[in-house]
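Take a look at the following structure, please.
We just call them A, B, C and D in the order they show up, numbering each chain from 1.
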Amino acid sequence: MKKLINKPEDVVKEELEGIVFAHPDLVRVHFAPNYIVRADAPVKGKVGIVSGGGSGHEPLHGGYVGIGMLHAACPGEVFTSPTPDQIYDATKAVNGGAGVLHIVKNYSGDVMNFEMAAEMAGADGIEVASMVTNDDVAVQDSLYTQGRRGVGVTVFVEKIAGGAAEAGMPLKELTALANRVNENGRSMGMALTSCTVPVAGKPTFELGDDEMEIGIGIHGEPGRERMKIKPVDEVVDMMADAILTDLPFKSGDRIIAMVNGMGGTPLIELYVAYRRLAQICQGKGIKIERNLIGNYITSLEMAGFSITLLRADDEMIKYWDAPVHTPGLRWGM
Amino acid sequence: MKKLINKPEDVVKEELEGIVFAHPDLVRVHFAPNYIVRADAPVKGKVGIVSGGGSGHEPLHGGYVGIGMLHAACPGEVFTSPTPDQIYDATKAVNGGAGVLHIVKNYSGDVMNFEMAAEMAGADGIEVASMVTNDDVAVQDSLYTQGRRGVGVTVFVEKIAGGAAEAGMPLKELTALANRVNENGRSMGMALTSCTVPVAGKPTFELGDDEMEIGIGIHGEPGRERMKIKPVDEVVDMMADAILTDLPFKSGDRIIAMVNGMGGTPLIELYVAYRRLAQICQGKGIKIERNLIGNYITSLEMAGFSITLLRADDEMIKYWDAPVHTPGLRWGM
Amino acid sequence: MVTKEDVLNWIKHYADVVDANETYLTELDAAIGDADHGINMQRGFKAVMAQLPSVEDKDIGTILKKVGMALVSTVGGASGPLYGTLFLRMGMAAGNKNELSEEDVLKLFQAALEGIKQRGKAVPGDKTMVDAWTPAVEAFQKAVTNGDTLSVALEKTTIAAEEGMKATIPWVARKGRASYLGERSANHQDPGATSSYLLIQSAEKVWNHKEV
Amino acid sequence: MVTKEDVLNWIKHYADVVDANETYLTELDAAIGDADHGINMQRGFKAVMAQLPSVEDKDIGTILKKVGMALVSTVGGASGPLYGTLFLRMGMAAGNKNELSEEDVLKLFQAALEGIKQRGKAVPGDKTMVDAWTPAVEAFQKAVTNGDTLSVALEKTTIAAEEGMKATIPWVARKGRASYLGERSANHQDPGATSSYLLIQSAEKVWNHKEV
């Protein structure tokens, strides 16, 4: 295992110490239990937004804490959900009297830990609403299963809900908006290589030198199909087809598109992939109104990428464009 | 070779096509010869700034074209300097009548190609000034050799000169400012893995499973010393020591610090490294006024990182803080 | 009779079992999950062992609730709330007792299973820890009804848990990370069912004084 | 006499040599540079071959300048301006001639060396292509002074270029990317000196009619 770390078990703590040094203007960090919170939290009279999940997906979620996005993020161990006490304390820290929204990715662990925390905060009289993202079309959806994973759309939900909360949107409306974003977003990912969880010390899975994994999750969970490497145009075709037919997206739709690197993919390759995606959308009369190209929701050093498309309405685009100032996303200020 | 590409020889062209789709509001792209230019170029009455170099270092340089930074960037083939005709055409395209500054990294190829282009533009009556960055302390400096490589400080020069040009600084002053930034900046890099140039198809160098390369360049040029992997704190200690004693930086200095990923390094590790760097600076009474943590000057998918420190004066910080809106760097607007 | 000492020894023994099986559990999770189940359990039981001394002189309920709280606040992931709830509910069932009859142990086991089912909303056949616990609790109940000694009841329970664990192998997962794999989750043993079997086996070993 | 045909055949032959040695040159560059010298030369001579037909009926000066411009505008890197300048200067020295005497060839070679020294500011011993060209030009000059035939002069020149190329092996580089390696650049043959030797060897093979 080759990593820029000291002891594997100290990675998350030391990363948080790095954040303390790097962004004192934007965030404060609480240790034991760990959470990152806006420097000016709680914001009086506005809904607080808390998200979190396993570490290793940076900049998600800690990098999105700041003005116009998350009020707090709870980082678990690498690829392991945070614990209820982290979420409970973060919820209390951002409660400005207008309630707190939990943005939760659909993994058993995340859902259960956030649920326990919400019960604890609710018992304290804090109004907590939860919404669960589940945009990964690689997973078959069904009433009887866990359902789909929450992946790239989480970035969109955090940005748009963050902008709306900043504008003073009340909790009920905000939760509805966040759910609408999730319902209109679809994603799919693929990997060229595995990644290595520091404490595990070896790759999560093995891929042949000429193989790729389509439909991979963000934790190195093996995908739905392993196949020989293909030119990126064919890969984008496959992924875009799965995404576009799922919602389905239609001619005339306005979308926000993300081509996201998994952590070990050079930017030059992401632009090559974006090129193909843009050609496909153009061909189908789907208009990309906004885009993000880069590392926004990663899987440590995995090579690969994901595509997320959001069918956006005016309100979503308005809050997408709203000023944001976080370590990981910044515009308009 | 595992890459998200089609044909290796088409990577740069297809990346540029991706940029055309992605950022029409910020830049235009010219093909054959290839260059990326600000959407509103030439900016009348202001100095135009052109940089460029081999591709594979994204977001450098093309990602820094836009308001408040570069006016044009000339991408060569991967890790190969651009050709004089690219630079010559880009120079003409950004010439707003106040002259053009060439920001050149100190590699024989870059220096010679920019020199030929400057001669050609000069013959057309365009006033061209050139400045060469050479901040890599891993290379021994001497009058009789090529001298040091230009690496991380190039990002700082581009940002600060870009801010100053936007404010209307004339060419002579701007060139002096750019040189001052370079003279006060020092960098060093290291690699955990090699990278693979697409057309080469195999890793540029081989590193053992327990080895790292200290003092690596940004083209996979082997570094000055190969050694067994160490905890990141020790690695940062070695690199910071080489950098700090070179200028030398002193107690009371105010600096801008960058911890830069080489392309395949997870952000979580960069924060762990930044933590150590901040501790060292704190211990020496050196004040980090601003920081950048992320992928800003990369070597394809190489795992590793570099540190760049700039002893900054008020003018540098003023233009650092000036608004910038490019695909790769954005704040204040 | 299961004494307070037996309960403490069970916890300690299981902490060692988790250490010894960390790689095994993580590898099972690598095949159909995210390669951390052993790591998660180890981190949890390390915390449990650190906090156990503070409640060693308390009643069984307090001890088990402490174990549950330690797991909830250090494990995270799916296993944190699940094993946390499991021990919290056993603690609530044990109350301020200092020893447990066979009937008491049955109540604890039933509360454990009830807790994980509520928390995780899995049903038998979903390929989760529920699939080790469900046959185990049934077997223990039958043994008690049968009039078996605690020792025999525990032996039957362990065998049932093992069978339940092994039964998960061919199944397609419907809950937890493994469910994202669809058909590809088949032919792998569920990690959580495995750690649950080991927990039950540990009780049997310790309480039947085969090992401490 | 070197005819226009000979010059064209030289360029074409060298384009094949570059193709055949792409991996070799790139591997030399991988050891002390950035693993692209063969790729760069190949890209350049592919462009040269595409543009050559447009000047095949022109004089030697025009042909060589076209080669130089094609290299300058497609190669990039260090070898682009260097090989570009080398051919541009030879073209300028050849002017509108359609065949070259031994003395003319000497002037071309001298102009070539002068060009790369001006452009790259390297001196002999810096471990660059200058180290193949310097002894080669000296050997050719000596042979001409000696009254050797063109054929013999080219043979001596090729041997000198090869020696110059091999002499770079033990040296520490002082120019180009290899210089960043300091002491570690020793014990490797310079890629640019190697491609330069191959270019001279190609002239000898083609012009002495040993190969076309």
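We adopt the following convention: contacts are C-beta pairs under 8 Å (C-beta built on N, C-alpha and C of every residue); 3 or more make two chains touch, one makes a residue touch a chain.
All figures in this text were calculated on a predicted structure; none of them were measured in a lab.
K.L.:
Using Cα averages as centroids, what's the distance between chain C and chain D in whole Å?
P.N.:
The answer is 76 Å.
K.L.:
Averaging only over C-alpha atoms, locate the centres of chain B and chain D and give their separation in whole Å.
P.N.:
Inter-chain centre distance comes to 32 Å.
K.L.:
Roughly how far is chain A from chain D, going centre to centre by Cα mean, in whole Å?
P.N.:
So the centre of chain A lies 55 Å away from the centre of chain D.
K.L.:
By residue number and range, which residues of chain C touch two or more other chains?
P.N.:
Nothing qualifies.
K.L.:
Spell out, as numbers or ranges, the residues of chain A touching 2 or more other chains.
P.N.:
Expected reply: 78.
K.L.:
So that we know how the chains sit together, what is the shape of their touch graph: line, ring, star, complete or other?
P.N.:
line
K.L.:
Hey, which chains are touching each other here?
P.N.:
Chain pairs that touch: A-B, A-C, B-D.
K.L.:
Which residues, counting only chain D, touch chain B once they are in their complex?
P.N.:
26, 30, 32-36, 39-40, 43, 72-82, 119-120, 174-177, 179-182, 184
K.L.:
Under the definition above, what is the set of chain B residues touching chain A in their complex?
P.N.:
It comes out as residues 2-7, 11-12, 14-15, 17-19, 21-22, 55-56, 58-59, 63, 78, 192-193, 209, 212, 229, 231-233, 235, 263-275, 278-279, 288, 291, 293, 295, 298, 300-301, 303-305, 327, 330-333.
K.L.:
Can you name the residues of chain B that touch chain D in the complex?
P.N.:
Residues 33, 54, 76-85, 107-109, 112-113, 115-116, 136, 138-140, 142, 144-146, 148-149, 197, 199-200, 204-205, 217, 219-222, 224 of chain B touch chain D in their complex.
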